[in-house]
């Protein structure tokens, strides 16, 4: 089933190569239909998950040896941690296919790339083999570059494409170096890229601390660059700023989560000592993401740049969840990943719609759009509010869990300081830029340029409704996912449990309560 | 000091460097090519000397091949230079820079 | 006596070598070629001193005789004039000299270590028969390859220098 | 088991209405309104039912167990959705659904002309849902969630007329200010959870009972952080600035949110978690300058300052809704002060009565504004007594209640606070009395100017009484405004806060004179303050054509009119903090990270490439030289 | 002596002679068709080579020639490369005014040289076979006599090639002098004592530098861009694939077949420097480049550096990675040149701008070129990715001393993506030129492009068999 989910888009991409380029409607129909089918399959997977039999804690497992001499096999399977990501990816892919109608040139190539990207993303998340895990990601990454370069818009297109390409390549390569090092830690003959077996092996035979530190650093910064960890984040807002909508949705929403997923799936369970050594650094960098990028977002006049920066800020929460070295935090991180996937896709999708409706993303030139575009406006309001952590949306739950986890986490002598700063960033700074955007874009009198915009037709609403519904559904019933995450996280991650920082701050005086 | 192997070697080393210098400082392709012959000869000298002092004729045999190869190379090279000269009326290296950077 | 001859031939070789490369009096290619002939001939002397008689003969016959004649022939054919002193930048000269000097110094310093050749005594006699035997047994394969090489060279020269190809 | 499910029904009814309106009945404003009103009416009935069923079972504060849902679970953290039904929440349920229901009804008339009526009613229903959530919450996190939702819905409602710049700005400000408070609230929750490992109110309370000093040095900080939430929501100094601006929203919204319910949530929350303030107090080292203060002291101080400041500002406002807004602020300050003086019962009591008469006042004001076609300046009103009798009467009753004139409800509740202040701290008592006098003064001013005298503008001259759908709620609200003092609400609450203590039941007549019996000085001084305030107002405004005070007070008046420049100070503060930080971060991002580092690296690489390829001159000689140089380099490295 | 060992070479050489002779009798208009015959014959030889078994090393000519798994692997490799190049040459033939048969036969002779080089077990054979390759390429590079660039490239290749030959011979002389032998097998036995002998080391160094010319690595990398640009497209491809692979075959054979490990180990540093400088030089210089052939030239330098990673790793995984990467490189480069040859011929320019609008003019060519560039850039699922993966893996495996090199390699990959994507960008989104007439793609090019694509995909998607070949082949190395 998983293999079908992965292969369906890839096969469809092959199929599309055979369709003559003039038949754009056929091409679009195939792309949308296939992604819809894929989404339904993924949803089926989601609902069949609980009942399915598990092998080593993974379900829907499929395994085909591929390069036995190197211990590489095609090995897919899901547990609670990647299930949500796979489903989210499939849903976002469908939404992205839906909004691709905005593409006016070379539709055929665009849709092929989109499908390839989808297949790659889903494959990366479903893989339980390190090598495939990495390959699928690369496989999805390249279409991203091409799509941004080819169909992107804006003056800075070339520079942005260049930047995103170089950045992500370097990040991926650093991570690859780390992964290979990890692979080599086992004695010759036993080496395997099988994540499950590696995890088990390294739990029993821990790697030397010095090696752990090195590998963790490589993975942290390699994956970190992929996820726009501060200060390697500048590619993200710019890249998304110029990217075509569907690409931005898929990349910011789904593909970017690959790095975070890698940290959770690989770095944390296999390199516990390295994690302990590096998370204090990571915790500081999170602040860079959440606070600093939040401030940067406050200054943006371009809606896409604002969303891009805020998306950078959001992944900071996932990083903090990872840095917390606490199961609550990690659960939260996974939830943030899924939630932000929907949210980023939604935001970029809406922003893309606005751009095509009004011809500009400059917020100073727009205003009062809520009157003109009630549906899109409302959806955008919801997206922006979800972004600043309003309950009812999945993001809130994730961020809450992250903060709870980080508060108790034993990663640093002053966890409370980070959480306080992060909460400030998430509650106040996020609200500042989100409301500012609403104020400029949607509220206030309607400007001339906004006056001619048309609201979305029913069909154009489908992707947005779907994404919003997913966000709200998970926000209201988080246990749909957290229960699954919880079980898997407990099974794979072992943190020094129970160590909680004492209240720590010494008492100067205790005033008797006046009563 | 009786003349030993190292004497020959030093001569060959100096000759080798002379040839190299020629390649670097002369601007006429033909002269450069002659300098290269000088370098090959230097290597030959070393080979013969080694052959003698190692009591092993393999070195001399390689010289034999080197000379043959050099001859063939010279033939081809000069033909090439002539062909180029016919086209460009020059053998000056500074005129042979239609491809660069 | 042999040592004296060595020094004479060595000095001649080097002197002529210098004159090939950097003749202070003439930059005419013909001069260079002539000095190259001289170098080769004096080197043949060195070969003789090393008891490589056959090679000495080959050196003179093939190199001085055939190769250098080819060179001279081409130079004459092309009617090459004296190399013009076009913008000879002293920079390139100095850096070139420095690079070559460095290589020379390094190589010479390495080679000039009598200790490393302490055990070696002059022994081999470059007898034609021995050479021939080796050539047609052990080195038969390279010999054949060289024949192929010569064929290639022939074909190449014809291709490159025919005035008009059919 | 009906009553097991009743809290769920109460809570979800408005939500269902909100969702249904949003999804299905956007086009039909009328139907939306009816849906929304119906939902809240049903919720009210259900609340009454719940009240009736639960009250006999409420043995003191023992909470009835209700259907629980595990909402979120992670290793070591479990968040349960469970609804808490005790006296406190039952009372609030009635207020929220009752007063709220009346306001819904009133809106039906008030918003009849609005073209996005559906959106308005959806917001109203959603707000009711969120507010009920706060009331019923049994858990810090659940409360926080609804807390946020209330903030969100108030944002939507204040910004209902978002096309107006001022409304758009106001809603933004309200949300942001609330967010500041929530920040503290969340940290407080985290702090408490981090130490006690519990989130349910009862569990935390139980833990604290077992380990009274368990929180140790962070006790006061925890209390204060939790109070931050209340500070934002109840608009207490220094986070009070948003409330007056929030008057940009439709008037019923002001009545609902900014008088009866939302702003009361802060006080309610403080009462709910009052046990947090009863543990031994201490500050951590880095806050040692606060030694000597308890968290409650800070609460009381904040409330006191708010009460006084707002009352002073109200004296010099001309906008009818702003006067009421500042009055609300001031009264909220009263309540918070009461909590701070360790009298949650008194605070809740005042909250209850205040909800009635302040809602009434707002609705009355709304009626006036409606009648005058959105004229809000009291100096352009006048003589409305004859034109709008129903409004006039109800407004009068509410004013009297607010001023604390016996036997109106406000008198009793305010008296409790006065008595409490007198008992605790003389300073607060003086302050409270002063505020009482100011309250009477500005309310009388409002009343004289707006309702009496001659019409000062054309629209005031042509005013009509509002339609029935608006006046009926006014009348209905007037009833509790007048009589709420006799219902025994205070004893009802006393049993919540002091379970087990013998509390005598009083008859209505006894109830009426209880204040004089209980704390005669406070009651009498309070009355004196009212009298003083009234007479001063009468002297100044009985026949005034324009405000005489600015001339008399000069600079002070200007400061009052400009709300003591808090807005200016805050916007300045924001400018030098976040704006500056944002600018700095943006600059850094643009020039250092993206510019110097990224572009620099890009540029350097390209430059190096361009430079390096100059080596490739095409000249054989250079090539030979480079080869030689490379060889020399390699030789040097490896033969050295 | 077992002459049957060299039967592959003999057959190939015979084929070369036949083609040369056939020229005499064939009418001019049929000469082009000779290429088909040659390609078919080469294919036959290739098939025949598959029947060879070299699981145990066999020697001939008094140990100067060896046929072992490594040699056989490279022979097949060269044959395959030659077949594909031959196909491209047939297509290219009409641009050569005359000497078509010679064009083919010289390629075959170069192939013979490569095949001998793969089996060299003696410095003499090494030198002679290398010279056969080099001299043949002098002629081939300058084959388009009518073009100044071709001749100029020939002269440059000539001078620098001769320079490298001189260095190589000098190095051989020193090695011979100190070890007293020319034979690799004997050298293996004797070299152990010589690891402190600086003359020996100098000699070895010079030999390595001489081989660096063949593989276009630092410090002998400078010729590559000019020669690649000037040479006819199929010849450039053959240079990039065959000549380079021959260099690597000899380098591997020499370093790990003819020298004991403790003698080679100290050279790691040298090889690392060579690798690092090559990677950076190739990458950085290519960035501002406009000529596609030059870009490939620079990229060839960079790739030489990458392949050196596998050599420098000095473990069998590294050698296997070298072989594997070369296989991928073969298909990739030939795919690229199949396109380049066709596209540049019409405008007689190889500026990157001729690719503008290629996707409209010929989607097949555009796709082929894109795949080739993507593979070169090292992106899955194509051959280049897996090759680079194996190279990086082997270098990491070699230990922490290699980490800095790894960092350079990563930087190099990032830089290379920059210019490879520049080409893709030109194909797809530079403003299309006025002339968008479709390019007619001859069947031959279609076939070779298809073979290359299939090869790239096969190696990338199902690397297991090829990896096994490579692993088997390097078993003879230490």
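Note that the chains take the letters A, B, C, D and E in the order they are written out, and that residue 1 is the start of every chain.
We take it that a residue touches a chain if its C-beta (ideal position, glycine included) is under 8 Å from a C-beta of that chain, and two chains touch if they have at least 3 such contacts.
Owing to the predicted nature of the structure, the values given are computational and were not obtained by experimental measurement.
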| item | value |
| --- | --- |
| Set of chains adjacent to chain A and to chain C | D, E |
| Chain whose mean Cα position lies farthest from chain A | C |
| Central chain of the complex, centres being mean CA coordinates | A |
| Per Cα centroids, the chain farthest from chain E | D |
| Chain pair with the higher count of C-beta pairs in contact (B-D, B-C) | B-C |
| Chain C-chain D separation of Cα centroids, rounded to whole Å | 100 |
| Where chain B and chain E are represented by their mean Cα positions, the distance between them in whole Å | 26 |
| Chain A-chain D separation of Cα centroids, rounded to whole Å | 36 |
| Mean-CA-position distance for chain E and chain A (Å) | 42 |
| For chain A, residues contacting two or more additional chains | 162, 166 |
| Two or more partner chains touched - positions in chain B | 5, 9, 16, 19-20, 23-27, 29, 32-33, 44, 49, 51, 53-54, 56, 58, 61, 65, 69, 72-73, 76, 80-81, 83, 94, 96, 98-101 |
| Where chain E touches two or more other chains at once, by residue number | 124, 127-128, 131, 135, 138-139, 142, 145, 155-156, 159, 163, 167, 174, 177, 198, 202, 225-226, 289 |
| Set of all touching chain pairs, with the criterion as stated earlier | A-D, A-E, B-C, B-D, B-E, C-D, C-E, D-E |
| Chain C to chain E touching residues, read off their complex | 106-107, 110-111, 113, 116-117, 137-142, 145-146, 148-149, 151-153, 155-156, 159-160, 165-166 |
| Complex contacts: residues of chain D adjacent to chain E | 605-606, 608-610, 612-613, 615-616, 618, 620, 623-624, 626-627, 629-631, 633-635, 637-639 |
| Of chain E, residues touching chain B in the complex | 123-124, 127-128, 131, 135, 138-139, 142, 145, 148-149, 151-156, 158-159, 162-163, 165-167, 169-170, 172-174, 176-177, 180-182, 225-226, 229-230, 289, 294 |
| Chain D-touching residues of chain C, taken from the complex the two chains share | 92, 95-96, 99-100, 102-103, 106-107, 109-110 |
| Complex interface listing, chain D residues touching chain B | 613-614, 616-621, 624-625, 628 |
